[in-house]
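The same subunit A turns up in both complexes below, where it pairs with subunit B and then with subunit C.
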Partner chain A sequence: MSDPVAPPAPGRSRRVSDRWLAVGFISPAMLLLLSMSVFPLLWALYLSFTDYSATRGGPARWIGFGNYTAVLTSSQVHQRALTTLIYVVGAVALQTVLGFTIAYLISRRTHGRGLLTTLFLVPMMLSPVVVGLFWRFMLDAQFGVVNSMLGSLGLGQVEWLTQRRTALLSLVVVDTWQWTPFIMLIALAGLTAVPKYLYEAASIDRASEWFRFRTITLPLVWPLLLIAVLFRAIEAFRLFDLVYILTSGGPGVSTETLSFHVYKVAFLGFNTGTASAYGILMVLVVIILTQLYLRYLNKLKED
Partner chain B sequence: MRYAQRIGRLPVFGRKVRLAAAMLVAATVAACGGGEDDGAEASAPKAPATIPTLTQDPLTLSFIWFEWPPAQALEAFANAEYKKQRPNVTIKVNTVPNANWHDAMFTQFAARKTDFDIAILDSQHIGEAVTNGNILDITDFVKQNIDVKAYNPYLLAAYGQFPQAETGQRDENASLYGLPLLGDTWTMIYRKDLIGDKPPQTWDEMISVAEKCQADNPGVSGLAFHQANGSDAAAVTYNTVNGVYGGNLWNSKDRKIDGVLNDQAGQEAMDVLVNKMKPLTAKGSGNWFIDEVNAAVAQGKACIAFQWIAASGGLLDPKQSTLGTSREQILDKLGFATLPSQKTNLVPLGGMGMHISAYAAEANQAEALNFLKWFEQADIQKKWAAAGGVPSRTDALQSPEFLNAQPFNKVYADSVPRMRDMWNVPEYARLVDIENTNVNAALNGAKSPKDALDDIAKEQQKVLDSSGRKGGGGL
Partner chain C sequence: MKLRWGLLDAVVVVFALLPVLWIVSLSFKTTATLTDGNLIPREWTLENYRTIFQTDQFVRALVNSIGIALISTTIAVVLGTMAAYAVARLDFPGKGALVGVSLLIAMFPQVSLVSPLFDIERQLGIFDTWLGLILPYITFSLPLAIYTLSAFFKQIPWDLEKAAKMDGATQAQAFRKVIAPLAAPGVFTSAILVFIFCWNDFLFAISLTSTERSRTVPAALSFFTGASQFEDPTGAISAAAVVITIPIILFVLFFQRRIVAGLTSGAVKG
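Then we have the complex of A and B:
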């Protein structure tokens, strides 16, 4: 008969085996991260200091900060930066207001909350290219359903995608349609996490609805909402797909965002060095703004 | 104690991080160093003069084109006909959306690896592909295998020659990098039931006829043409009007655009386009390209339209049209004519050639050469015409198979001596983008016509002059 409780087999030290185990678990993710993110980023960083072109080939000549200076001083870049800023502020502000309002209204319902939430999330699950394509058809001035509806109400045709102001507005509206549910979802999570006893205490004190919202709901949801705004702002800052499908940056270049412009620099003339510098600068802008934002969030938490 | 331990471990960790970072930087620099060798050879490799031995194993010959009816026609035609000669070969025409066409080909060229054997390049793409060594030089192959005298010299030059030929000519000493696949130009489509059987002969007459037609037929716009800022849509429209009004796109000898494009003729052309033609188009048509113009014609919403011939076939399909329940009924209402002339009779050169990828496998390159030789034969060109293609051989162009295949084919045959192309230079993609965005801006009120034209000329000149610039290329 064998001993039912066998002593552990002698082997290598436990410390070493744990370590190898850890390395074994971590290395696939690390390799993926290094090869797909860190290495391309470092290569792009290197190329940003050269005049390299992916199609022309030839040696990558070192030109120092030439590309960075050119990008930072280019009036074309300044124009796209302004367009991007207007778009980000407009879209994110609208999404925040709408998303929070919808979440607040849903949170007050006791029945059908799950179904409503699921329905509201549908736009977010669609591919931006699909969203762009069907909105392009819907907003078509001649054949689109939006102008058709306006016509049946006795209103005139609107050139949604071919006039400067309406084209940018259309981008904001479509992005808002797709991404308001994201803000709503985060806000809803915040709203459901507010302890009920606070509202009960406020009710006993006969606090008004507005007072409860202002002093309980908003302060408790605010930090979570700001994180949602941060994510959306970063996403909106690098908007490409909707512009590509809906307006191609037009009329003229009036809806060209920074990402769309980088794409043109990178692939129309294959100016890889300039495009790399442009991309690195965009990453830097996001990192700096995010850091400032996170500091504000931390301060808010401490307060 | 714990604090001291942590402090004690930091340098070890820091060393590891530094080591990892150094390895990454070294790997990056090494990889970049490897990239430097890629460009040592920056000219197109030569194809053999004679076709190498072909494989008898199953082989797929892949093309890349954009999504439109001729792409499907080519795949069906080639599989039906070429298989008779080469049963082991399957033809696959891969397509991408028109707006991605250039990028889809040139990003693969940039990777020095292509999933296609034959790139169907626009005539203006040749310069970029040749300069980067992406396609084969087939000059010797053409000398040995192709009857060049069977072609209008300019057509042969437009789809294969680099450096670019003078309009209407071919430089017999220049190298060839491709052979014609599909000829094309614009046709004027007019509503016979609204403006009469006789098409307008001059550009001014065309505008006044369109104006009257629009006024007489509420809900129908006078004109429909390409205005979008993607692909080469708005640029071709302006270039066409520019040519008709006696303008020039550039002076190719001294690479001068500023002062040439925006001279008096160029400004008159922009004025005609924006102030006389644009008001006759449908509201919101500022982003129209091929599909939208076809939709407007098919739904009876335009008196006169301009369209590429190769994209006009669908207009005669009763399933896609409200103009009639049969092809004959539609043809009672639609007429196809060559473009009106004004100061000149120039028309835009469209169409594409076949160009063999320098990165395709040797067996596929050999098969591609064999396909080219097969495709350019007189009887195959006539069959291609009957299948819906637009051939380039003169005998095929004048054959009944071609002229009777479609009502607009005669328009193409008559237009061949009138054709003018854009710039075929490595900087083409940027030049056309500058023109597209500015013409589109002018057509949609985002810029005045004069500012748009001056901006095009200045920005394009900057692109041509920026070869020696250090940094910021592409801005």
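Then we have the complex of A and C:
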């Protein structure tokens, strides 16, 4: 390669053209990502330091960290944070246990897996709006099928969506219905990847089923499952549509999540500045959670 | 043992399908029997479907939904394919940044961006237009497209391209006859996932539109009140929900394997 008369090394010229090709290939996508999400984010960051309102018009006045202290010290926000926490922990825990159990049972059979997976895919592919409507009608106190089933079992009627506790519980149940399949799919992928010979060796050693589960299955599937759990937790934290359709945050504000509250501040109060600060804080929470997720994902890849 | 599996199947089927069946049943019930709580309608009627297809509100929203989702999907898949090819096959500075930014955007609480987007779109004059929804849809589905596609592209045996060229194929032939058929399933899978994302979106649809001009079905559904103000809209809403669920069910039935592959690669392989 050091010979000055030699034609340019093929590897090198290829890399240069690679670079131009790459620039041409990624720039349209990059341009959109920057202009429709990074720019709005920076715009929100700017607005979050002002008292701007999108409908009132007028110039934005710089008020420093005013919006941030207002959001962080607001007892309303604290209450929504607690609601969101209960919802995220409840829903994700429930769907993890259910999803893993179903995946474990399905992984142990040989026939009819495909059909079950197909059926299971339906809930998670549906629009949250449609899911919300489904369940609003199912849980309706007068004509809902849930109450009519409870009635025929001789149990009482429950006003699912109009009482504080049961409304939040309903939200957890509906989210679990929609997303248990996701956990199930990921867990199933993990379970089928466990080498068979491990189980064979264990059964030769006459290990009990529980012992095999605890020492082989769980340790091997757990990392993958944790990824799914983190992924779901981030998604649940952002939940908006289901709340809007199922309960609209009610009764009172008992099912208002942080996302729903931000939306209300932005589009009902039109306090754009405050809503921006609120939104930026939520982005920070998600960035922290994503960092956890990524760190874990990379660790998993290295192993 | 057989019995136990049968029981498991039954539980899973009821779990997954009962809500779907319930709304299908509601959509076929007459107004009189709507509230009887029966899973199987006592009187069947197509009245609810007739009602929604005669309401401008719904038909317009359906046209908007189909148009916006198809345009967004096409553009997002083309841009996503190009970017994913670059990520999977080419070496360039800033690759890490692209992957990082798109992952972050995939995880973003979109509700934080809705308020600035509302403001920006109003100043640009694209608020409440098709373009005003198509742009965010492309943007927010690009990460998904780039992830699933680059995962697929990494699995393609690219040496085949070289082999074809050695056998005398031109670059174009090698691409058309060897690489394109291998890449097509991946592109198709990401198209399905992107389409479903755009079709199902509610947050952007409700905050970046204000009239029937560009409102999509999920947003219209939340405003839907039935043929007249005094009629119980439950039957009509159920029918509308069934109509927009049909494409999703068809996708799931026909492309189950692809969707599973796409979802697991998107979430786990990264």
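Remarks
Throughout what follows, the second predicted complex is superposed on the first by the 271 of 303 C-alpha atoms of A that agree within 3 Å, B and C clash if a C-alpha of one lies under 4 Å from a C-alpha of the other, contacts with A are read in each partner's own complex, and residues count from 1 in each chain.
Note that in this section contacts are C-beta pairs under 8 Å (C-beta built on N, C-alpha and C of every residue); 3 or more make two chains touch, one makes a residue touch a chain.
These numbers come from a predicted model, not from an experiment.
In the superposition on chain A, contact of A:112 is made with subunit C only, not with subunit B. By the document's definition of touching, neither partner reaches A:214: not subunit B, not subunit C. For subunit A, the partner that touches more of its residues is C, with subunit B and subunit C as the two candidates. By the touch criterion stated above, A:56 is placed in contact with subunit B alone, subunit C being left untouched. In the superposition on chain A, contact of A:78 is made with neither subunit B nor subunit C.
When the shared chain is aligned, no partner comes close enough to touch A:295: not subunit B, not subunit C.
Shared-chain residue A:267: touches subunit B and subunit C both. Within the superposed three-chain model, A:280 lies in touch with subunit C and out of touch with subunit B [touch as defined at top]. By the document's definition of touching, of the two partners only subunit C reaches A:22; subunit B does not.
Across the two superposed structures, the residue set of subunit A contacted by subunit B and also by subunit C is 38-39, 43, 47, 54, 142-143, 147, 244, 266-267, 275.
Subunit A meets subunit C in the complex at residues 15, 18-19, 21-26, 28-30, 32-33, 36-41, 43-44, 47, 54, 102, 105-106, 109, 112, 114, 116-123, 125-131, 133-135, 137-138, 142-145, 147-148, 151, 177, 181-182, 185-186, 189, 224, 227-228, 231, 234, 237-238, 240-241, 244-245, 259, 262-263, 266-267, 272, 275-276, 278-280, 282-283, 286-287, 289-290, 293-294, 297, 301.
Of all the residues in subunit B, the ones that touch subunit A in their complex are 24-25, 27-29, 31-32, 35-36, 38-42, 99, 102-103, 106-107, 109-110, 128, 131-134, 228-230, 282-287, 295-296, 301, 426-427, 429-430, 433, 437-438, 440-441, 443-447, 463, 470-475. On the side of subunit C, the complex with subunit A involves touching residues 5, 8-9, 12-13, 15-20, 22-23, 26, 34-39, 79-80, 82-83, 85-87, 90-93, 95, 98, 101-105, 107-120, 122, 135-136, 138-140, 142-143, 146, 196, 199-203, 206-207, 218, 221-222, 234, 237-238, 241, 244-245, 248-249, 251-253, 256, 259-260, 263-264, 267-268, 270.
Of all residues in subunit A, those touching subunit B in their complex are 34, 38-39, 42-43, 46-47, 51-60, 63-71, 74, 76-77, 140-143, 147, 157, 159-164, 244, 247-254, 264-271, 273-275.
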